[in-house]
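Before anything else, here is the set of structures, which you'll find just below.
In what comes next, chain A is part of two complexes: it sits with chain B in the first one and with chain C in the second one.
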Partner chain A sequence: MTTQPSVKTVTVTVDGVSLSVPEGTLLVEAAKQIQEDIPVYCYHTKLGPAGLCRICLVEIEKMPKLQIACNTVVTDGMVVHTASDKTMEGRRAVLEFLLLNHPLDCPICDKGGECDLQDFSMAYGQGASRKVEAKVAKPKAVDLGPTIVLDEERCIVCQRCVRFDDIITQERSLVVKDRGHRDIIATSTEEPYVSDFSGNVTELCPVGALTSKTYRFKSRPWDLNRTKTTCTQCSVGCQLYVDERYGDVLRTMSVAEDETSDGWLCDRGRYNIGFYNDPQRIASPLLRRGDEWEQIGWDDAVALWARQIREARDTTGPESIGVIGGGRLLNEEAFLLQHLFRSLGVENLDWRAGRQTVATPVFSGTYEELEAAQTILVFGVPPSQTAPVMDLRIRKAVVQRGARLVTVGPHSSGSSVTETHVRRVADIPSDAFDAERIAVVFDGIDATPMRDLHERFAELKRAGKSLIGFIPGEQPNARGAEAMGMLPRDGGRGTREVFSAAKDGGIRVLSLFGVNPALRFADGALATAALERTPFIVLSELFLTDTARFASLVLPAHGPFERDGHVLDMTGRVQRLFAAHAAPGGALSDGEMLVALADALDIEIPSPSALTARARAPEKRAMPRGEIRAAAPGGEAALRVIIRSDIFAGGGTVYHDERLEELRPRPIATLHPRTAQALGVAAGDLVDVIAGDRALRGLIVRVADAASEGTIRVVDGLPGAPANVLFDGEEVQVTKLEPAAPLAAAGAVAG
Partner chain B sequence: MQLEKILTAGIGELDLCDIAVYREQGGYAQFERAVKELQPAAIVDIAAKSGLRGRGGAGFPTGRKWQFLPNNGRPRYMVCNCDEAEPGTFKDRMLLEYTPHQIIEGILIGTYAIGSRHAYMYIRGEFKRGYETFMKALEQARAADYVGERLFGSDYSVELTVHRGAGAYICGEETALLNSLEGKRGEPRLKPPFPAIKGLYGEPTVVNNVETLGYLPHILRRGPEWFAGVGTPKSTGYKIVSMSGHVQKPGNYEIPLGLPMRTLVYDIAGGLPPGRKFMGIQPGGGSSACLFEEHLDLGYDYEALAGAGSMLGSGAAVVFDDTTDFVKAAHSLVRFFAHESCGQCTPCREGGNWLEMTLERMLHGRGVESDVDMLVDVSHSMTGINLCPLGDSIEPFLASVVKRFPEQFYAYVRTPQTAVAV
Partner chain C sequence: MLRAVIAGFVAILAGFRTTFGYLFVKKPTIAYPSIKKQHAPRFHGLHELRRYADGKERCIGCELCQIACPANAIVVVGAENTPADRRSPGERYAARYEIDELRCIFCGLCEEACPTDAIVLTPRFEMSDYRRGSFVYAKDRLLVPPQGGVGSAPDERPNGIPADLGAVAQQKSTVDIATGYDATWYGRALKTERRGLAG
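Here is the complex of A and B:
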């Protein structure tokens, strides 16, 4: 038995209440045990003390001056008065100072109603100002970047935003400029404030200085209906609050105490909320009539779907039926999906629809463990673009805990912290494996490096080291889908084989759930050929995506905040979703569609309670076979293409969120300066990237030192510029478009 | 009155910027002796025994400050503070321009004493001439092997890096200075942790004033008892006082601490201009409270001045005669502190500016009677609740002169009227 090193406790008396807390506790934290918190502005549990605002002053016996609670470590026997006359006078003075130059434009301030300056002024302030001079005027409605507006007059210079950008994201673009009462918040470079985590500063800001463009002048907090749910924009599984009014999702907020997200949200999760009521959202089942869509009722739609499935099974057999989906479904739905089709003898079941081939790591770890790792090995697409909030853990591990970050493959991390970047597994510095706690982050795409390191990993395990794996994949619930059985077994075909068969006419009915292989499948040409040849495709979706072009029947589904149920995050933790928004009347959840289909096919399904139980108790699955691609042809390729994810890419919810216009990636090809020079292209040129008879057309050249020489980096998942016409890592040629062509090309891209 | 000169010896007579001249006066011999013969700990002891206190403003015992450094095997740094910008202070500048080698030797002894191998010299940005003089002296010291590798055949090596400020008074505050040295925004750090524990680049660091370090060679040469024997029991040794204001002979004077202020004003600084009447003295820089006629027989030392409600500070004494407009004097100081606030803390950032605007309004004849009380009240509210002492710098002088000369303040608001914004 091991005994924990005993943590000494100290006893402190706060307002007459005796509190026992671990040695080293800050007074501001200790006092949270009593009724009324000590007010703070600059202090934040995750940012630590800064000692700037001085609102947290308290009286401590035996100390002549008031002390700030945020930087006072409690000691045994300390006696604190948080509401004495002296304390109150200190607070009153600080608030008077804060309000001297504050515009008090509460009636038009988004923070009104949840503003710490309002609240503390009401609680501790005085009624009227003694200042007669005009207030200091500063810029208002400053366009800080694509997401944030700043009102310098409202800013109380608590520096929380600056410290978040420094301590948490390590990006350091926000600074305090100028001095004294003239100081303002700005970016160090005068460039826009661009960060994938920018929205967090609007929550940290205790006043209405930093506001989200998406939420400006939209509502008052007391008019919002709040629901706590799980973000399913990626596989991290952050908890968030969804604030809705009159059927509109107006904003999302982080959950401070959430262990998954550590209290932060990325901008994709936070801001991609404008699509729910988009006019292009499908509102009823659509049946293809030539080039037209005909709206039909659900009964007809389900009957048609059931009839197609039955006919296929009875004539060409269950192997002529395919099902792809699950990574965007709830566990309940994924389980129901495979149950239903397996009951029909169908084994062509797979959640994989893009590049990702595996979702469940052999050795799972928690995010807390990731943070404690000493070596973090990242393979493939960097998590900054697939699981942003997880990347914050990596940054924390590196900066605050001294972990070593090693990225392997063609991508460097895209993170803001120091990394060692190597191209090949063989180049991983061998002392990286000397650490006791090693975390492996793998994009789940090309499993070759995992196979190559298999022996090494086994050895580390034998040596008793902590080795944990994370697969931040492309779909939020891929791991749940795997655990619920949405993988082929017993001779069934996976997505690639289904597509190969379909290309040759071997698939009659293909049911797709929230997947967009036309844009996302790694072999775009194969996917397109397969979809073209398949006679009957049913697609459950929110929008008419690139894949919908091939569908016979499109079924309107529920979006992320319209779902009730469970998913697994990438660590295997069960996360709960609560519906926060009513889906359009014509839409059904995938679960409801499946229940209706089961009914039409006379298939018995588990009761709702049995389903829920199943969804909460996922099977532990060994790592399924990740695909090993043929090693990219070695030797002297002049130019290889690297396909990179971007959190704001995709043909679905971001593409149909008009508020995110500015954030959507443009079709850009990134080249190293020397590579650009060798190709004779310059920044801003338009180029085609060609491989044999396939081409990705009309890309805008960007030149960046950070790019690898001899590569051209393109963005995955852009409607109008589908990178999946190319194979990641293949040799390509580049042709520059003549100056006359750009307009046409740009038009093609925009379309 | 004849005073013994220690730090100021030879200034105006010898070219002490020339290393040869400095060495003729015994220069660098104490540093050489320290490295060759004395253990660092012994020098710390000597400093402690001498009773030497920081001459930068806070008056903290130097030996004790050095003893705070943890024995953690980490690199440690000595930083010499030559950012001198306290209103009325001009002693460090004189030392810099006229006797730079003495500073270098003091820095080197201090650096050796705290077991450091890297010292930094932070020079106020406006001291262009002093900077150039210092750089030349440093070159000479380097050429003469007082700075560099394996000095005097020992295995002690030391580096001295010079950094220039950019004109912010707040960078004289030791932790703001460290931020500035690190290339960060010059704003004070939250304490604890103190620099002794977590200073420059996060390592144990001592920040000492130019004058403080300058006394080290002399204390080593003449022994700690000599220094401790001068002055009062708690304020030992000598201090350079920058005398200015309404005196006939303004300038820097090195005095034994405890000298009566009357002697300082009338004998040493030549008294007031003919026919003028003494009204007050601000004895220790812009942030010290004004003292008056009844205080003149107090000794000029840390305890006596603190006992009278003021302080010795950096040793900058400004004398006021009966032509003084104390409203204007207060306004000038308030404006300075408001302008130099780094802006981190709410009270300092907002309060200073408010007081400045109020005084300005009064000077423009738009004050109201209640403004006088408000000046005292607001300056009091903003004091004692800031991160660094700058925010507490306005109250002492303002409150002391309002209290002493209320009629001067009411004169500006005598005609009752309602307040109007400027």
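Here is the complex of A and C:
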């Protein structure tokens, strides 16, 4: 496995071919060099050998018996036969054992057609069974958790899922229960299997034992149209395969050789695919007529938009026009957006629409470098909920490579590995900076710790240490938007200033692209007041979100898998998107809308090839350092707000994916037991969180020992319970609701 | 000269020998549709989805017929049985099952591929209609109606004709009882409706 250059090589002969491989290489890996695929079930390149299934038997000269290739280290002069008669006989016997109690389910099995057990039975099996006794019957369709169904009969106990849960996610909830033919996969606690990476076990499973609830019996693998594209649910930029059939996105699969994702996907990226054909998706431009939406054509919509922009520019000047968006657009579209509005003299351009204020780190690094870091400093919101696949890298660095994880701020890492958690920058252990390779993971929200550590970082850099930064933000292409120029320049206003101006009636036309400030902007009260006062708001969206309540014109846009172009991931790598799904007929991509608008406003735009070239080669320029927040005042006894992220929060795609119902976070307020006792509330109570004249109503209390004393933790981005009315670190009061309120709260969540 | 005339006449007679010979052979014309021709026992005609004796569908929606079909005429989409709505034994059933009979080449490979003997080809061949779309047969026309029994496998058909078809003809037709039958289950339902011949 180790491939360090200093290791000496050994020569091994596999099926008559002489190979030179580094010392310590496993035979199964060595054989891949000559495309001699040795069959494996329990072995997996990223999980290592386990020696459980015995299917990889090979004949090695001078050894009395067949050996398993997955756990045999090659030695110099070893002569191996992978297809001899003796080998084939061994594999046939192993398969006969594996198939003893395996049901003949293939016609209805979701794995049928891409199943290793089928493939190897065809290649090495004996065809007919000699067994005359009845097969052992076990429960089928066992509900393992909110995402996974287990068929106990089909399981061959290779333990890939158990080892994934142990080695890769470090969560250790899956185990093998019982022994002999009765052994089954189960969770150690008998609780449901809940993990943000649960979908990966269905891909690892070499048979059809673990299957996704969302894909169950939907299709057979040979029916699917496969497209390789980039996931744009977060800023990691994982490659994935999108499998579609008859216009429905049925499943997504990871790309094993992808350098970005390391071959894993999180459940948000894997399962949030059910919204594309949702009946609530906007199918044509909608114009507000009082409280009603009127469907209008694209020509009328664009003409109206252009007229409003022209009037605003001619009467109150380009300062009265604002544009927010870019973090969900392609690079091409973000560039076109700023080009178009800058041509009109508008400088109020910004991608920021949530709590994140910066997307481009000062020192960029790759994910491989993150994995190799010796100290990983995490500031603010942990990446486990904002960039889950990146968090797997951190876990790998900590557990497999011995890195030290230090989390700074109110949040602990939320992942399952050992960490040092400190609240303030000053408390960071000084020896954390002694390492040669340091990685900084910063949530991009409050840049105060970055300012405090600025001198320290400069010192480290001068000392020649490797210092790399990552900003796993809220919007997938925020870094691309920054690189394409979706930032205020030359006296333009950023989102916060635009909202402040709009609150006083200073903004006439506001164009929003794929953003939801009413639910997500850091200052919810300001955003709501600003949106209410702005006379004409254009919103490009997939659904009527919380922000659409304030919009005058809503334009139906394309969803993530319907886009074709380029984005930047958080490390600054250009990632390619290919359209895998046909958008509904009434929708236009943001780029097409902008082209139509440019046409209506007589603005010259770059040619498509020039746009693509621009999108592929992002400009390097000085980026802003992010917003510095004033430290929240208050004594030690105050109840302070911690705003938590959740991968399944959001008012758009997740909210309109009915299959994710069970995974969506509930409006929960988490309290420490002593804090709850002091407030006189118990788990399950409904409470209001009051901060001055603002209130977050109808939260369900959860009591957890892991919560910090004197804090109340709420989830960001829930329609019906928008946590952005509160501020991070703000002092609040909690009042209890009357027991009759559950229905009202449930209605608010559902509505 | 005369010899040439005689030789020519003989040649004409020889030429018409086959033609005139048929004056004395029994005519092959059948008074279709009053009388229908006896098919070969394994004649490949319109498809039928069979049931089990307890009324459950045999089809499990496995799509093997779809992948076996050389003409790409079949569409199957599976779905999961629920305890409240159990269509077939086991976990999976066909939510959608369609055959485009215009595209079908009646090769019978679907029948061979089927692991549960659900899809069979019957001797029904009269599928004329006015619109192309009408030739896409969905489950409503392919599946044997619950009152129609289980459907019949080719091996069980006397003289190649499904047993149930003979019964239909006996009740509702004046034509040759041994060989007459309705073209489709759908046709029978229509006829029953129009003539008020419901049993």
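To be clear about the criterion, the second predicted complex is superposed on the first by the 736 of 751 C-alpha atoms of A that agree within 3 Å, B and C clash if a C-alpha of one lies under 4 Å from a C-alpha of the other, contacts with A are read in each partner's own complex, and residues count from 1 in each chain.
To be clear about the criterion, a contact is a pair of C-beta atoms (placed from the backbone, for glycine too) under 8 Å apart; a residue touches a chain by one contact, two chains touch by 3 or more.
Since we're looking at a predicted model, the values are computed, not measured.
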Check whether A:Phe97 is in contact with chain B, with chain C, with both or with neither, and answer first, second, both or neither.
first
Chain B versus chain C, judged by how many residues of chain A each one touches
B
After the superposition on A, what does A:Phe217 contact: first (chain B), second (chain C), both or neither?
second
Report for A:Cys53: first if it touches chain B alone, second if chain C alone, otherwise both or neither.
first
Of the two partner chains, chain B (first) and chain C (second), which one does A:Lys140 touch, if any: first, second, both, or neither?
second
Between chain B (first) and chain C (second), which, if any, makes contact with A:Val132: first, second, both or neither?
first
For A:Met88, is the partner it touches chain B (first), chain C (second), both, or none of the two (neither)?
neither
Interface residues, chain A side, partner chain C - complex
107-108, 112, 140-141, 216-220, 222-223, 246
Under the touch definition given earlier, write down the residues of chain C that touch chain A in their complex.
60-64, 66-67, 77-80, 90-92, 115-116
Within their complex, chain A touches chain B through residues 49-55, 57, 65-66, 71, 89-90, 93-94, 96-98, 100-101, 130-134, 136, 156-157, 159, 175-176, 178-183
Across the complex, what residues on chain B touch chain A?
168, 185, 190, 192, 338-347, 349-354, 357-358, 361, 374, 378, 381-382, 384-387, 419-422
